[in-house]
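What follows is subunit A paired twice: with subunit B in the first complex and subunit C in the second.
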Partner chain A sequence: MTVFFRQAKALVRLSFLELWRRNDVFGLLILALALMVPLSMATPFGATGASRYLDEVALLLLWGFSMFVSLGVGSRLFRPEFERRTIYPLLSKPISRGCLVLGKFLGAVCASWSALALFYAVFVGSVLLRGGSLSVELAQGVALHFAFVALAVSVSMLGSLAMTPSANLTVSSIALVGMFFFGRRLPEYAGTLSAPLAWLVRLVYAMGPHAEFFDMRQRLVHGWGAVEGRVLAAVLAYGIAYSAVCLMLSAAVLKRKRV
Partner chain B sequence: MNVAPSRAGGGSRVSLGAVSCAFACAALVAALAAAGAMLGDAMPQVSSGGDVLSVAFGDAKRAISLSMVQKADSYFHGGIDMECHEAHGHHGEDEGGEGHGGEERREVSGDARGGFRDPWRWINSRIRAPEVHRHLQGAEAIHTIPWLWASVRADPHNVDAWTTAWFLARNSVKDADLAWRIIEEGKAKNPGSLEILFYEARHVYDSGMGDAARAEGLFRHIVETALARCGGDESALSEDDAWMLKYSRSYLEDIAKKRAAK
Partner chain C sequence: MDKVVSIERASKAFGRIKAVDDLTLSLGEGEIVGFLGTNGAGKTTTIKMLLGLERPTSGSVSVFGGDPADPATRARIGYMPEIAYYYPYLNARELLAFYGGICGLDSRTIRERSEELLATVGLADAAKRPLKTYSKGMLQRAGVAQALLADPPLLVLDEPFTGLDPLARIHFRELLRDLKRRGKSVFFSSHELGETELLCDRIAIMKEGRCICQGPVADLAGGGDRNLERLFLEVLEKGGAK
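This part shows the complex of A and B:
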């Protein structure tokens, strides 16, 4: 167990270094500030006091950036290692392939979480500066967002074992963004289609990564209040279960891979 | 940009290519600007205004403008997208029109049995649906204004956006100065719109500005303009103009009655 923790710690450290050395996060942060600062200074028709639109735009950017970071980190986990042949010295160490998958996943998740924590720190700072306050639903929203990032990394990591980084990024983005915006409407959409297509859409609805479960933006912006504890637990359980299945599939793919 | 011929030749080709590309882009922009100036309102699918963006992205700007109005509507209903909500058959309780105000307790869709049938729908209905249907009133309604502002920035000829912004500023936010600024700006951007003129007249008449004579002049101007537009044949008026004519006459009668009562 101690050995696993030492190995996982090393992999987490590597992921951290890789993410923060790339400066993507700082670029995204500057982009967010460049968009939000002029927007916050706007006075539509000379009216003051409107702030919900700022929260909505800021949260949308936060979701977009976190998806960009987590998919990027996840897609760089394995394929580049194979291409650069750095996977061989890694596999020559006394570490099982399952441990390697879990360690790399933990590293990628921790690195993505650190970026998300920075984004949320800026967001919460801006809310407090505008006279807002912290709430239970904000804590719930943050918790679900962190769970979503773990799910996105696991989906992207599974893709990184089967596709090139660009193909993986495209497929994972389409799956997650598509489910994020249209996931809840798929049953109605399936009802309008002919039988084979309807079954396909229902299959996507049943098996696809339901990113929309983790989205509490409307609750936060419009003050709908906190979600019930059992609903929060159900969504977190879904995120953990989906990530676990992706991890197991990743481990199975890596074990069968001839290197 | 280096356009001087170089000894290697490759750099010169690249520079000339870049210059050609820049000229082509400039020519395209000039052609778009000229087309905008020449066509004016001759192309109804393209919003007039003359600028290059209007010509190139007319329809897109209109679509963005309409979606911003929808967003403002969603804000007014406390974050519920009413079009989507009604499309899914949740309109039974909402059919009070403008009369239904304040808050209504709403049963969240998807009961326990539904949760077993479709757990994903059960989660979605609880994460994404508010339990209370409400309308923004008072100072809270100010949150709708930025979306309507964005809407008229995208398409200044979206008269519905101007009048909705005026309505919310006057009736919900209860800020008469803000409402007046909106209607004046809308009038400047849409000088031919009878609808905006009508709302200006209503503002003058209803908002306690005590200027019935001015309001009467405006309503009379609307009636005269509408009749001039159709050449006296009221059936030839557009639906919007016909409504404005009808309501202006109604207001004129009201003013006349009040004057007679005095």
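This part shows the complex of A and C:
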């Protein structure tokens, strides 16, 4: 257990150093500050109540940034190891491929969470600047957002074993952004299609990563209140289960992969 | 002499291509064995089997009597790849800290070993520079340091002299001799016949997946005007087992 803890710690540190030395996050953070601070001071048409729509814009930016960061980190987990040939010294060390997958996942999740925490710090700052207050539903939204980031990392990590980082980023983004915006409409859409296509759409709905489950933006913006605890638990369980399946698939792919 | 590496009639096929064919080879404690051959002769596949990265299609490969696919066996192997473009955003000290963690070493050991090894391979002054600014030879030296980090009793080196300048070569040769004196075993593949002749106790020459010649360097290339280069050319021309 001690050895695995040390291995995981090394992989987490590696992911942190890679993320924070690439400067992407700093660029996004500056962009977030540049957009959110003016938004927090704006009172469109003098209507103070309209500020909640500014929250919607800010939250959408936050989701976009977090998706960019988590998919970027996840998509670079394995393929560059093969391209740089660092996979050889890595796999020649006393670490099993299963532990490597788990350690890399933990590293990527922790690194992405650190960036998300900073983005939320900026968001919360902008809310407080406008005289808003922190709420239970904000805490729930943050928890679900963090869970979503773990799911996004697991999806892109699986892709990183088969695709180049740019191809993986594109495919994972289409899957997650598509589900985020259109996921909830898929069953309804399937109803309007003829048999083979309808089955395909239902299959996508059944297998796809349901990013929309984790999205509490509307509740936060319109003040619809917190969700029930069991709903929150179910969505978190879905995120954990989906990530676990992706991890197991990644471990199976890496075990069979010729290096 | 205890067997550190034991390869018994090992073959490895990729589809219809036999990368390694019926190879039998061993390495004893405190021995340096050079593994020679032209490109595509099966040297890298053999090394991958030694590291548990490939399983032999037939025959067996064992290291310290264990399966190299087992992490516990690999804990006793230090491996340096031919060319690895180590994480460009890390510096040498961070690279060693990373590999030390993967080896399961504690922070104090990592710190002490890193300082010692960075001085040994001549990277102490460049330890804080990002690896992306390193030359090929410096990356090679960082590779040596990561291979030695856990103080393994067996070193497997793939083309260790690639990219090293003459001074670094001499220094590296001395380092390997010192490791041998300390009872470490070294198995390395190389195209550098001169270095191999100077360093190795035994050599094995591969051609098209088969070992066509193996034995002590002194016996094979040590008499009169014979040298390893001449022997190498002779056995490659003949191609038969010796």
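Assume the second predicted complex is superposed on the first by the 245 of 259 C-alpha atoms of A that agree within 3 Å, B and C clash if a C-alpha of one lies under 4 Å from a C-alpha of the other, contacts with A are read in each partner's own complex, and residues count from 1 in each chain.
Simple rule for what comes next: contacts are C-beta pairs under 8 Å (C-beta built on N, C-alpha and C of every residue); 3 or more make two chains touch, one makes a residue touch a chain.
All of these numbers come straight from a predicted model, not from anything done at the bench.
Novice: Does the superposition put A:P187 against subunit B (first), subunit C (second), both, or neither?
Specialist: first
Novice: Going by the contact rule set out at the top, does A:Y205 touch subunit B (first), subunit C (second), both, or neither?
Specialist: first
Novice: Have a look at where A:V136 lands relative to subunit B and subunit C in the superposition and call it first, second, both or neither.
Specialist: Once the two structures are laid over each other on A, A:V136 reaches no partner at all.
Novice: Figure out whether A:L17 sits in contact with subunit B (first) or subunit C (second), or with both, or with neither.
Specialist: A:L17 contacts subunit C only, not subunit B.
Novice: Give one of first, second, both or neither to describe whether A:M216 is in contact with subunit B, with subunit C, with both, or with none.
Specialist: first
Novice: Report for A:P94: first if it touches subunit B alone, second if subunit C alone, otherwise both or neither.
Specialist: Only subunit C is touched by A:P94; subunit B is not.
Novice: Given the touch rule stated above, what does A:A244 touch, subunit B (first), subunit C (second), both, or neither?
Specialist: Neither subunit B nor subunit C is touched by A:A244.
Novice: With the touch criterion stated at the top, can you tell me which subunit A residues are shared between the subunit B interface and the subunit C interface?
Specialist: No residue sits in both footprints.
Novice: Subunit A touches which residues of subunit C in the complex?
Specialist: 48, 51-54, 71-72, 74-75, 77, 79-81, 83-87, 89-90, 94, 97-106, 143, 146-147, 156
Novice: Any idea which subunit A residues touch subunit B in the complex?
Specialist: So the residues of subunit A in touch with subunit B come to 42, 44-47, 49-53, 183-184, 187-188, 205-206, 210, 212-213, 215-216, 218-219, 221-222, 224-225, 227-228, 231, 234-235, 238.
Novice: Can you check the complex and tell me which residues of subunit B touch subunit A?
Specialist: My answer: residues 75, 78-79, 88, 118-121, 123-124, 126-128, 130-132, 139, 142-143, 145-150, 165, 169, 173, 175, 178, 181-182, 185.
Novice: What residues of subunit A sit close enough to touch subunit C in their complex?
Specialist: 2-3, 6-7, 9-11, 13-14, 17-18, 21-22, 84-86, 88-96, 258-259
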